[in-house]
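In what follows, subunit A forms one complex with subunit B and a second complex with subunit C.
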Partner chain A sequence: MASPNAADASSAPEPSKETSIIVPRAAKAHNGPPPESKEGIWLRRAAILSFWAVVVLLGLPVWWKTTAIYRAELPLQDMTDWAESKICKPVFPLRIAVESSISSHDAQQLVRLTQHAIDDLNEFSAHHLRLMPATSPYTANSSQEVIIDGTSIRSDDRDNALVIRMIQVETGETPRSQLQSYSPTLDVYYSASQLPAQSSTSSPLASFIAQELHTVFAEEQAQLAYLLAAQPGAQAARTKALSVEKYVELDRQSTKVLKYAPTYHLTFSLFSPSYTPSAWNIEAALRTYLSPLLESFSGISNFTVDSQVQLYATFSPSIHQPEFDEHLKAWTLRKEDLSAFVNAAEWPLSPSIGEGPTVNFILYVPDASQSPLLVKENAGNSWLIPQWGGVHILNVQNVSTTPNVLTAEDLVPAMHTFSDQLTVLFGLPQAPASLPLRISTLERVRAASLIFSASSTLGALAQVYQKMPSIPVPDNVAQSVDSTIAHLQQACHLLREGRFQGALEHARIAEVEAEKAFFERSMVGQVYFPDEHKVAVYLPLLGPVAVPLVMAALKELKGVLASARGR
Partner chain B sequence: MAVDTQKALLFGGAAALRLLLFTVFPALPNLLAGRVEVSTPVTSFKRLQEGLFLYTHNVSPYDGGLYHQAPLLLPLFSLLPNPAYYPLATNLVFTAVDLLSAYAVAQVAQGGAASVSRLFSSSRKDLKWSSTAIAAGFLYNPFTVLTCLARSTSALTNLFILTAMAKASQGASSTFILALSFAAYLGMHPILLFPPLLVLLYDARAAKTKTTPNAWSFTVAHTLGLAAVSGALLAASAVLTGSWDFLAATYGVRLLLPDLTPNVGLWWYFFIEMFDSFREFFLGVFWLHAASYMPGLTIRLHKQPLFVACTLTGIFAVFTPYPSIADAALYLSLVPLFRHLFPLMRYTFVASAAVLYASFLGPAFYYLWIYAGSGNANFFYAITLVWSLGLSIIIGDSLFAALRDELDVERPELKGKDVRRI
Partner chain C sequence: MKLSSALLPLLAAPFVAAEHTSNWAVLVGTSRFWFNYRHLANVLSLYRTVKRLGIPDSQIILMLPDDMACNPRNAFPGAVFNNADRALDLYGDNIEVDYRGYEVTVENFIRLMTDRWGEDTPRSKRLMTDERSNILVYMTGHGGNEFLKFQDAEEISAFDLADAFGQMWEKKRYHEMLFMIDTCQANTMYSKFYSPNILATGSSEIDQSSYSHHADQDVGVAVIDRYTYYNLEFLETQVRDPTSKLTMGDLFDSYDEAKIHSHPGIRYDLFEGGEQAARSKLIMDFFGNVQNIEVEGEKRNETQWRQELEAIERMINEAKRRHNESLSVHPQAQHVVEEAKPAQSLRRQGAAMVQEEQGWSKQIVGAAALVGCAVAWAAGSWLES
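Here is the complex of A and B:
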C-alpha cells in the first residue's frame, strides 16, 4: 500500500508549510517559517477533515456491519434438558387385545387377573403391557354398533401390539399357546374348566398367559433396556431388566447393524471369475423373495434396489487362492481370508449411490474348475460383513460347466441368505417367531434410539454454541432446532400414547433436522480463528493508511491547542 | 486554415490507422478482446456479444451470468450487423468514438483551464502544448489504439468522461450533465468526478457571464439535474429489460467483485486470498479508499478543478475493481494538458520506466502463468503491482508539482528554491 500513501502524503500537506531551507532574505530577521495564510490553514483542516469524515461516517459503519457475527437465539436450556433426558422419559405402553368368545364379564375377570400376573412379572417399568378385552372384527361387524367405552377395543386396531385369541378346545393339552408367524396374534387354547371363577384371586390360565407374554416380549425389553442403559441417568434400568450376558450379546449385535437412515440403497451384484454366467433372472427372484420383506419394512425405512453383473472378477492378490480339500471334496477358502474376499480395489462397488447408505449383496459364482467353493472351517458358503452387506457363494450343482443364465430357481438359496442377512443388518431382533411382532419391536427400538440420538445432537449443538462465542449461527439453525424440539415432543407424546408408528415418523424428522442444524456449513468457517489473527488481517492494510491520517490529525490538534493557549 | 488542415490530417490519419489495423489483421480484434489487460468482465466485447445474443432472442441478457454491462448498450449494438460476419460497421463505430474523444480532449486543451482558472493562474502558463498535439497524444497512444481494436466498451465511458470535461470547461451545463450521467451510467465510478467538474463548470460559467452565480443554488440545480438524468437512464433500462435485476448484474458486480478474472488492478489477487468472513469488510475498505480521495482533493485543490478531475481518473485506473489499460490511456492522455507542471515533476524517469516495463513484461508474465505453466499467479500480480506503482508515482508526482505551482504563485520569492516538508 505504498502508492496510496504517496498520494495521501502529497495531498494532505499544505504548500505554505513547505518552506525553504535557505531562509529567504526578507525573513532573515526572524529565524523560522513564515506564518501561514488564514485560508491555507482552513483549507488544510478541511482536507484532513474530509478524509476523517469518510473514515468515521462510512468506514466505521461498514466495519461494524460487515464484521458483526450473527448468532441466532437458540433455546439452550431446552436443548440441554433434552440431551440429559430430563424432558422425555420414553415409555412403551403396549396395548394387547384379548379376543374371546366368552361372556364379557368373564373376559373382564380373566383380563384383570392376567394383568395382575403380568405386573408381578415385569421388572422393567418403562415397558408395560396393558391388556384390554376386545371384540373380534368378525363377530362385531358393521351392522352391529360397538360401543367403545374405554374398557373394550376393536382387535383389528393397528395400534394394538398383539392380539390374544382365546380358543376353547375340548381335546389336547391345555392350556397351550401358539404364536402366528405372519400376524401379531397369539392363540391360546384352553378348556372351559380353566376359566377363573368369579371370586378367585388367581388362576393358572391367567399366569400361563402372563408367562407367555413375558417370553414373547423378553427380547424387546432387553433391547429397550440396552438402549436406555446407554443414556445418561438411566443406570437403574440396566441392572434390573438386563443380564450382563444379554448386554454383551446385544452389544455385539449392534456392531453389525447399519446406522439408521430413512432410505437405504440395496445393490445386488453378480461376480464371476470367467465369462459365465453373464445373466441372471434377478428381477423375478427379488420380486418373489425380497419385495414382501422390503414392503413390511417400509414403515421404518424405504429401499431402492439395483443390480449389476461383473465378469472376470479376480480375487485380491492379498488372499490365499482356494485350495482343494480332499475331505470335503471341495475347494476351500480360509476363514481369515473372508474379510479380504471382496476385492474393494477392483470390484466396482461404489460406496454410495443416491441418497442413503448402500448395502451390498454379492453373489459369487466360482469357475467350474473351482466348484464347489466353500469356507474351510465350517463348510459354509455365505457370510455377513458388518455394516456393509453380505456375500453368498453359489455353487451350481451337478453341471460340468457353469450355465450362461442363472434362473430364478437357481437364485433361491442366495435369496434366502440375503433376506436373512438383510434382517440382521437392519437390526431386526431374532425373537420372537412372529415377523410382524419383530418389526413392530424394531419400530419401537428405532423410535427410541432416534429420539435419543436427536436429543444428544441438540445437546452437542448447545455445547458448541456456548463454548465457541466466535462462530456465527445463522437463522436456519435456529429454525432447525425449533423444528427438532417440536418433533421430539410429538414423538415423545405419541410414544406415551402407544402410537409407535407416528412416534417413529416424528423421531425420524427430528433426527434429520438435528443433523442439519449441527452440520450447518457456515458455522465452522471461523472456528479456528483466534482474535490475534484479526490483528494480522487488519494491520498490514489499514496500518499504513491510518498512520498519515492519525499523524495529520494529531498535528492539527496540537496546532489548535497551541494557538488557543497563545490567545 | 493551416490548423484545420493539420487537424483533418491528424484525425484522418488516426482513423486510417485504426481501419487499416482492423482490415490487415482481422484476427487482432478477437485476440485483444480476450486479453485480460484490455478486456475486463465489465467492459469485454465478447461478453457484450453474449448479452446481445440473449437480448435478440428475447431472453434477459443477465440470465447467462456473463454480461455485466449497461442494458442501454444492447439496443444500440443490436442495430449494427453481426460483427462476426460484417465487422466493418462495429469497427467504424469504435473508430468514431475515438475520434470524438480526441475532439473532446482537444476542446479541453483549447479552453486552457489546465493552467489558468478563475481563481488561479500558473506562473508557467505559457508553457503548454497545442490542442492538436494533445489530441494526437490521445489518438496515437498505443493503449487507446489497443482499446479501440479490442472494441472494449470502456472506450464509450472514456468518451463520455472526456465530453463531460470538455463541456464543463466550456460552461455548457445541460450537455455536461448529460455526458456525465452517461459516463456514470456506463461505468458507475465516474460519478465521483461530479464535484470537481461542477467546480470547473462554475468557474467557466463565472468567466463567461462575468458574474458569480449563487454557489448553493448552482450546486443544487446541477445535482438535481444529474439525479434526474441518471434516474431517467435507469428507468429506461428497467423498461427495456423488464425488471430492475440489471442493477445487481451491473453495479452489483462492480461493487461486490464476484468475478475474480485477473486484470491490471490490485483487487483480484487480494480477494482470491481473502478470508471469506472478511471479504465484505475489505470490499468496503477498498471502495472507501478509492472514493476517499475525491473530497480531500476537491477541497484542497478547488482552484484547479480540472487537475483534480484528471488526477481522479488516474486514481480510478489504479484503485477501481476492474481497471484496464483503457483507464490508464484516459489518464495518460490527460496528463499532457499540464505541460506547465512538467518542470516541477521529479520522478518522470522512474514513472515512465515502470509503466513501460510493466506494459512489456505484463503480457509475457501472463503467458508464463496461463499458457506456459512455468509461472504462477504471483508473476502476473507482481507486474500489475509495478504497473500500479508507475501510475501512482505519476499521480503523486503531479500532485506535488501542482501544489508547488500554487506555492510559487502565493510566494513568488520562493520560486526555484528547494522545499522541505516541516
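Here is the complex of A and C:
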C-alpha cells in the first residue's frame, strides 16, 4: 500500500505536502485503492495505445504481407471463351490454282462453273475450296508435260493446296484425271470440245473436276469434321460431313496416333534371344530408308534417333511360348500374346532419353531353333502397338545359321514396316494418293488440333485459378497466358487467310506456352489448411499476447465510460 | 444417311469415352523405419503384381521412403518378403524405384500428380498421362481422419488429394482412376474427392484401424497388411494372366470383413455410369496394360515404297535448294527472327526484375519493422522521462 506514496514521491518533489493532507481521507476509505494521479492514468493509456498501435500498424500488415498468396491477374474471361471455342471458329479455305493453256476468259468461265459445282457438293462449311486461275498461265506443250516428274514446285505456290493442270489431249477417254503421287498436282485431261461455252450455266467438265476435288479432299474433311465434333459448342450441322462409320473409324485411328509433341525420340532396338546377330548396319539403313520421311515431317515435329542392340533377350514368363505349326511350317505366336511380347520388365526400353516422348521400333531376330516365327492368325511378322511403336520379327532366310551382322539390305523389310508404322503413329492420313497432299492435310489437322488443345489448356488453367484460391500464381504464368492468346489469335487469323504453315507455326508456340503456363512449377497447392488447423497454429502463439492486450484495452475503455457517465 | 447423322450425337459420347490406350500405376508407401516393414512390402507386392500383368516400369511410379532390403536389422539382406513362407522375394533383381528416401514427400507426390516439375526432371520420374490413360493410385502408410502421414514428418490431407485429382481432371490427365488406400480410417481419404471417373476403395471406415495380417518370426515384424493381403490373394490366384476377364465387382465381392477385420469402403458415385459401370470394369483396365495390338496384314508394294522414298528425297533436296536461294534473296526475313528473340529475352529480364522488386519490398517491410520498434522504444523512453 505504500507504493502510490513512493511512486508519487519519486515522480514529484512537492507532493509530500499533498499526501500528508490527504492521509486522513485515505484512511477513511481504506477499502478502495488510492485514486490515481492524472499523469499516471495518461501514462497507462499511452502505454496501452502504443502496444495497440504496434499491433495494428506493424503486426497486422506484416502478417498480412507474409501470409498473402501472390496471384497474378489472368484474363479469365478470355481464357474461358477460348476454351469454349467462342472466339475462334477455325475455317479452312483451301486455295486451288488452275493452270491451263486456254484463254484467260475461258479459264475464268471454267473456274466459275467449277466453283459453283464444288459449293453445291460441299457439306462441311468450315472447309471450302476456292479455285482461282493460276497467276502465271501454263503455256508449255501439254503433251510433253505429262511425263514431268512432279518435283518442280514453283516457289509462289506455297499457299496453294493443290494445282490443277488442265491438259488438252486429242486421244483417250476424256475427261479423266490423275493425281500426281509426289506433288500436289491434279492433272485433268480434256478435249477441246468439253470446254464450257461462254453462256452455259453448267458443264460436264466443271462438275467432273468438282467431283474429283471432292474425292481428293474427302479424307481431310472427315478428319477435320471429326476434330471439330469433339469440341465444345460444336453444332450438329457441322458434323453433317461425317458418317457414323467414318466417325468410328477415325476414333479408332485416333487411339493409335501419338500425342502431339514438338520433338519425338525414335529408338530402334535389335533384340535377339541368343548371341547373334550382334551388329546391324542400322545407320545406313536409317539414312536411306527413313530420313527422307522424317525430313518431310519436319514442318510438324522434330525427331531424334538412337539405336541399341540387346542380346539374350528372353520373353516374359507370362506369355505362351511359341508353338510349332505344322500347317504353316513355322513357329507361331498367338495374337492375344502379342501385347505381352515386349518384355517390359526386362528389356531396357527406357523412356528417359531425350526431351520428347519415345517411339520404340523393335526388330526381333528369333533364335535359329525357333525360326521362322510368325503370328498365328495371319502369318504376319509385324504389328503396331498404339501410341508406343512397332515390332517386326526378322526371319533370316538361311535358317541354319543366324548371321553375325545384319546388313542394310537385310534390314529393308524391317525399315519398310517401320516407316509404315511411323506414318500411322504420326497420324498421316491414308488417302489421297499424293504424299505432299497428305502431309499438308496433316499440317492442317495438326494446326487445328493444337489450337483446340492450347485453348482447352487455357480453360483448365482458368478453372484451376478460380477453384483453388490457395495456389500461388506467379507473373510469368500471366505472361505465358498472354502469349498463348496472342499466338492463338495469330494462328486463327492465318487459318482464315489460308496460310496453314504459318498457322501451324503459331499453334505450336501457343501449345508450348499454354503447357508452360499450366505446368508452372511454383503453382503447387500443397498445404490446404482447414480452419481448425489455423486456430491450432495461431492460438498458442497469439493467445498469451492477445489476452492481456484485449483485457487492458477493455478495462481502460470501461474506466473511460464510467468516468464519462460520472461527470 | 439422314438417320445416321441424326444418331450421331447420341452415339458420339460413348465412343469418345469408350477406350483407354495406356495404363499407369502410382504406388506410394509413406512410412519409414523397420517396424513399418509391412507398408513397404505392401507397395512392393502391388508393384510386382502390376508388372506381372504387363504395365512396364516406365509407366509405374514407385515411391519407397525406406530401403528395407538393406536395413541392418533385416535378417535376409537384400530381400523383402510379404509372407512368412518367404516363397517370393519382392525385391528380386529388377526393381525400379522412382522416388526413395526423403524424396517421398507430400510436395513431390502432388507435383507428380499435377506434373509441375522443373525442366530438368527426367521423364521416367514423371506421370506422363493424357485423357486416354487409366491410372491406379495405391497408397499405404499411417493415417487418420482425413489425413495420411508421410514419413512421420508431414501429412497429406484428403482435401489436398482431392484438389490434386481435380486439377488432373481439368487438364485431362486421366481417363479413369482407381484409388486404393490401406491405412487406418482409410475411407475418409477419398471422401473429399469431387472429380469424375474416380473409383475409390479403402481398407477401413472412420474410427477404425486397419490391421496387419501376420508377422514373420525371423524377420521379426509384421510383413503385410490384411486389406492388401486379401487384394493380392485375389489378384494372384484369380487374375493369372493378362487375358483375364474378371471385373472390379468380382474383386470387391471378394472382400470379407471377417478376414480383413475392418470395413473396406468403395466409392462408386464419381464414376460415370455409377455403381454398375464401375463394377463391370475389368480388373485389367487398371492393373494390366491394355494394348490394342494391330497386326499388319498385306503391305504396300515395296517398289512403290522405294519410289516414294526417292521422290521424297528429291523433294527435300529441292526444298533445301529453294530455302538456300530464298535465304540469299531475302536476308531480311532472317533479320526479323533475330530481332524477335532479344525482345523475348528482354521480357524474361522483366520477370526477374519483378522478383527483385519483391525482394526490395520485403526489405522495406523489414526496415519499417525495425524503425517502428525503434520509434516505439524512443516514444516509450520519452514518455517515461
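As a working rule, the second predicted complex is superposed on the first by the 442 of 567 C-alpha atoms of A that agree within 3 Å, B and C clash if a C-alpha of one lies under 4 Å from a C-alpha of the other, contacts with A are read in each partner's own complex, and residues count from 1 in each chain.
The working rule: a residue touches a chain if its C-beta (ideal position, glycine included) is under 8 Å from a C-beta of that chain, and two chains touch if they have at least 3 such contacts.
These figures come from a predicted structure and were not determined experimentally.
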Touched partner set for A:204, first subunit B, second subunit C, both or neither: neither
First, second, both or neither for A:436, with subunit B first and subunit C second: second
First, second, both or neither for A:67, with subunit B first and subunit C second: first
Touching partner for A:247 - first (subunit B), second (subunit C), both, neither: second
Touching partner for A:46 - first (subunit B), second (subunit C), both, neither: both
Which of subunit B and subunit C A:58 touches, first, second, both or neither: both
Partner chain in contact with A:542 - subunit B first, subunit C second, else both or neither: first
First, second, both or neither for A:181, with subunit B first and subunit C second: second
Winner by number of subunit A residues touched, once subunit B and subunit C are compared: C
Subunit B and subunit C footprints on subunit A, overlapping residues: 43, 46-47, 50, 53-54, 58, 62, 65, 525-526
In the complex, subunit A residues that touch subunit B: 2-4, 6-7, 9-13, 15-22, 24, 26, 33-34, 37, 43-44, 46-48, 50-51, 53-55, 58-59, 62-63, 65-67, 472, 525-526, 529, 537, 541-542, 545
Residue ranges of subunit B in contact with subunit A within the complex: 275-278, 280-285, 288-289, 291-293, 295-297, 299-300, 315, 318-319, 388-389, 392-393, 395-396, 399-400, 403-404, 406-407, 410-411, 413-414, 417-422
Subunit A residues touching subunit C - in the complex, by the definition given at the top: 43, 46-47, 50, 53-54, 57-58, 61-62, 65, 149-153, 155, 181-183, 229-230, 236, 239-240, 242-245, 247-248, 251, 255-256, 259, 288-289, 292-293, 295-296, 318, 335-336, 338-340, 342, 344-346, 349-352, 357, 375, 377-378, 380, 382-388, 412-413, 416-417, 419-421, 435-436, 456-457, 460, 463-464, 467-468, 475-476, 479, 518-528, 530
List of subunit C residues in touch with subunit A within their complex: 1, 4-5, 7-9, 11-12, 15-16, 19, 21-22, 51-58, 94, 106-107, 110-111, 114-118, 122-124, 128, 130, 132, 157, 159-160, 163-164, 166-167, 170-172, 241-243, 289-297, 299-300, 302, 305, 308-316, 318-319, 322, 326, 347, 351, 354, 365, 368-369, 372-373, 376, 379-380, 383
